[in-house]
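Below: one structure in structure tokens.
Chain lettering (A, B and C) follows the sequence in which the chains are written, and residue indices restart at 1 in each chain.
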Amino acid sequence: MNSPLLDVKNLQKRFDIRRGLIPRAVGHVHAVQDVSFSLRSHEVLGIVGESGSGKTTIGRSVLRLTEPSDGEIIFNGKDVTKFSGSELRQYRRSAQIIFQDPYAALNPTMTIEEILSEPLIVQNLIKDRQKRKERVAELLDMVGLSAEYMTRLPNELSGGQRQRVVIARALAVEPQFVVADEPVSALDVSVQAQIIALLKDLKQRLGLSMIFISHNLAVVEYLADRIAVVYLGRIMEIGTAAEVCNAPKHPYTIALLSAVLDPGTSTRRQRVILQGDLPDPANPPSGCVFRTRCPYAIADCAIGVPEMRSVSSTHARACIRDDVG
Amino acid sequence: MTESTVKTYPMPVADGSPKASETLLDLRNLSVSYQMAGRQLKAVRNVDISLRSGEIVALVGESGSGKSTIGHALMGLLRYEDKVTVSGTAVLRCKDGVTRDLFAISDREMKRVRGNDISIVFQEPMSSLNPLHSIGHQITEALLAHRKLGRNEARERVLYYLRRLGIPNPEQCMERYPHQLSGGMRQRVMIAMALCCESKLLVADEATTALDATVQAQIIDLLKSLQAETGMTILFITHDLGVVSEIADRAIVLYAGQIVETAGTKELFDNPHMPYTRALFDAIPRLGSSLMKDYELRGIPGRAPSAFERVGGCSFHPRCAYATEACRATMPELDATQRGHLVRCLRWKELQLGGCDEFAAARR
Amino acid sequence: MTTVSDNRTRFVALWREKLGKLSVRQLIGLTIITILVVLGILAPYLGLSDPNQSSLDILQGASANHWFGTDALGRDVFSRVIHGIRVSVLIGLGVGVIGTVLGVPIGLIAGYARGTIDLVILQVIDLFVALPALVLALIITAIVGSTAINIALVLGFVMWPQMARLVRGQVIFIRESVYVEAARALGGKPSWIIRQHILPNAIRLVIAQFSITVAFGIFSSASLSFLGLGVPPPAPDWGTMVREGVQFLAFSPLMSIAPGAAVTLTVLGFYLLGSKDD
């Protein structure tokens, strides 16, 4: 297999809890703890988790939109966390983001042409106005919109059309990989499928690599080659889409799968009901962070943070029990 | 005393009859239109819905389908809006045995009906809770507004329902303020609040949409078991077909303000007659897709028309793969097929659409 | 060629839309100001008597010759009120410009930089806001001397914190928006983000606050003049006119009332224009 495009090692992100007149850190929330994964060329890696899992923070840290507290992010042999100034700007040509809310992601005062020209101007890619316009038309065409939309303002577009513009903007700099942060969860079901299909098509056509972040396992399974399941800032399980979704080895993945409400009547699963709510991230449980809600928890789970243990060459989970799944 | 008080609150059984087939709410010819920029925009067009006691009925649709407008009309939330016209009748059999037309009664009567005979749970509980008052204060006040109960009695009842909704340590929860609770907890509190008044009809407007999958699953299971116990009727408004198949006995599919198909849930999923319903099934990513080589997710081209842009003929025809000249020209009426299945499509008899479980069959 | 005309119709449509977006209050304000400004510009050409020309017809009541009567030096009050528009509005606009030129960049810096810089600027702003602006202006004017330019400078100087505070709030709001984050993710430098995203979105508020500042400027300069620290005579200044008229209030009330009403009307016009949509 080819060497990874992106190699994330022991990523950490702490957010300080500040209090007082002259704010001082009185504690912190560990949003991301010890997260390691890699992304290969032409691969889609899905990151699945519920709210508070740190999945968005992982994506933003990889892009340096949030400063990681610790760890390495190796891209093309260089550590992204050490980048500054021009190196960081250069990196932004290689790594892009697609946002969740297409209503908030577009400046309401700019036309679609101006919005799609922004990356070309900011990254100094095309100086000639006319050529820039041609490129904008090309980008619109790529995401299935006609050139007529150039003169429109965002509020004249539907949610799905806006999300296409957001995707086109991310692809304008011809990035090597894209972080898609819940790109369809703000859209209607029928439009969601259009956007998912577009992303899949772009992946095949452009050989795009992608980190696809979502709370919806079914969507991730459809789009991703490999999936990482995160809970309270840690990876619980990682493997190919088929392994994670069809032969899960971590109790949390099993619970998450059983919570997916599949339409249709012949596929009722035995539901694993999780007890209680997500623990306070500022004060996580000792040992395995999932043990307080885990139906398989035993006394040993409280002792140490479980290490990632391999199931196969592609599949690993952070659980001390062998009899799960 | 307290012990026995708790015990004396068995869930009320809606009707004596186990079959529960009596009509609770009969909604006839509901139309809702908005006056906007000098134009009449019809958000809901000639909708008939009849709810029997003890049913869970799902009202399914995408944004702009009019599903929430129907819920709001039922709750009388549109009567204060001066640019909205509601027409039709909604005859509800109230607890006092009197039947009332919700669109004809006075504001005062509506106030009594709301909370007493109908309760609603919204998508975002934060906006329905007052941040300045403790949870206990709010639920107890809401209950006392509708019921002649002593304060202690009311408190006991609130505690009972909080406990029933799986809230750990309900006494402590009563002292908390809304912002101190997680989204799942807040939604449970809202449901407890609705249940306290023991109304026969619960309208759940996207009540689980904002929740995490695992929490959503918990709450749906809970609602199902509470329904089985109390025999209340639930109108579940949602866009999520997964939720529909999980909770509903019957589903009503809305498109562009009209009912386009309605049937028992199993019948609808196994044997959809309306191309829109079928297309929705194809648009939902299903678990197990990684094992299938040629599985393609198919979106529905275009988008649903907004109330501004009504389409002539069948309102779905611009997006429909089966549309013909006739579909562009004539608006189809709701047609009865079998087993209470109604469909609004000119071509339903000739189309063989196939059910939702084709996928599951292929997966196996 | 077609694109040019397209752009032009688009531009016209955009402005029509913008005017249409003004509330009734703002439209009333705009109308008042337009009438006043036109009168002020045309004042020398309206065939009014020279506002500084004294005569022996002192302290006359309203008549066909002198609509608002004459003052203690026999000058025509109506003519002085109309010519006074120029003095007042010019000082007001000066205050607005200075307040904006100081306030907008400081607000931008505070909002964009955040951290210590923001904290320091915020303290300064709060200090200014805590002091009564007029008293502050009175003291400074007394020190630097009251010329028209000084008055505009001083009043602009006491008004910048309001503008800065408003801009800061707006900048913080916009810089947290997803589209600014998108611009950062694309590698946009702060200068680009401010120019392309923050200013265009803040401009509406700045314009509104500018109008409010002008209103404050007109009102305060009239107050300063009333207290004897206004534009030096014989310039037709409304505040000075009110003061001069006070001693004759009993038998020649128009001498004070007319310029007083002019101040009220002008201030009202700018306040209405700058008021938020209701």
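Brief remarks on what is shown
Everything below uses one rule, namely that a contact is a pair of C-beta atoms (placed from the backbone, for glycine too) under 8 Å apart; a residue touches a chain by one contact, two chains touch by 3 or more.
Which protein is which chain? UniProt says A = ABC transporter ATP-binding protein; B = Nickel import system ATP-binding protein NikD; C = ABC transporter permease.
Quantities reported herein were computed from a predicted structural model and do not represent experimental measurements.
Shown here, the protein chains touch in a chain-like sequence that does not close on itself.
Of all chains, the one whose mean C-alpha position sits at the greatest distance from that of subunit C is B.
Our note on geometry: subunit A versus subunit C, Cα centroid distance of 50 Å, whole angstroms. Subunit A and subunit B have centres, each the mean of its CA atoms, that are 32 Å apart.
Between the Cα centres of subunit B and subunit C there is a gap of 55 Å. On the side of subunit A, the complex with subunit B involves touching residues 50-51, 158, 160, 188-197, 200, 215-219, 221-222, 240-242, 245-246, 255-267, 271, 273-274, 276-278. Of all residues in subunit C, those touching subunit A in their complex are 6, 10, 177-179, 181-189, 192, 196-197, 200-201.
Across the interface of their complex, subunit C is touched by residues 63, 65, 88-89, 92-93, 96-97, 99, 101, 104-110, 118-119, 122-123, 151, 166, 169, 173 of subunit A. For subunit B in complex with subunit A, the residues that touch the partner chain are 62-63, 168, 182-185, 212-218, 220-221, 239-246, 265-266, 269-270, 279-291, 295-301, 303-304, 355-357, 359-361.
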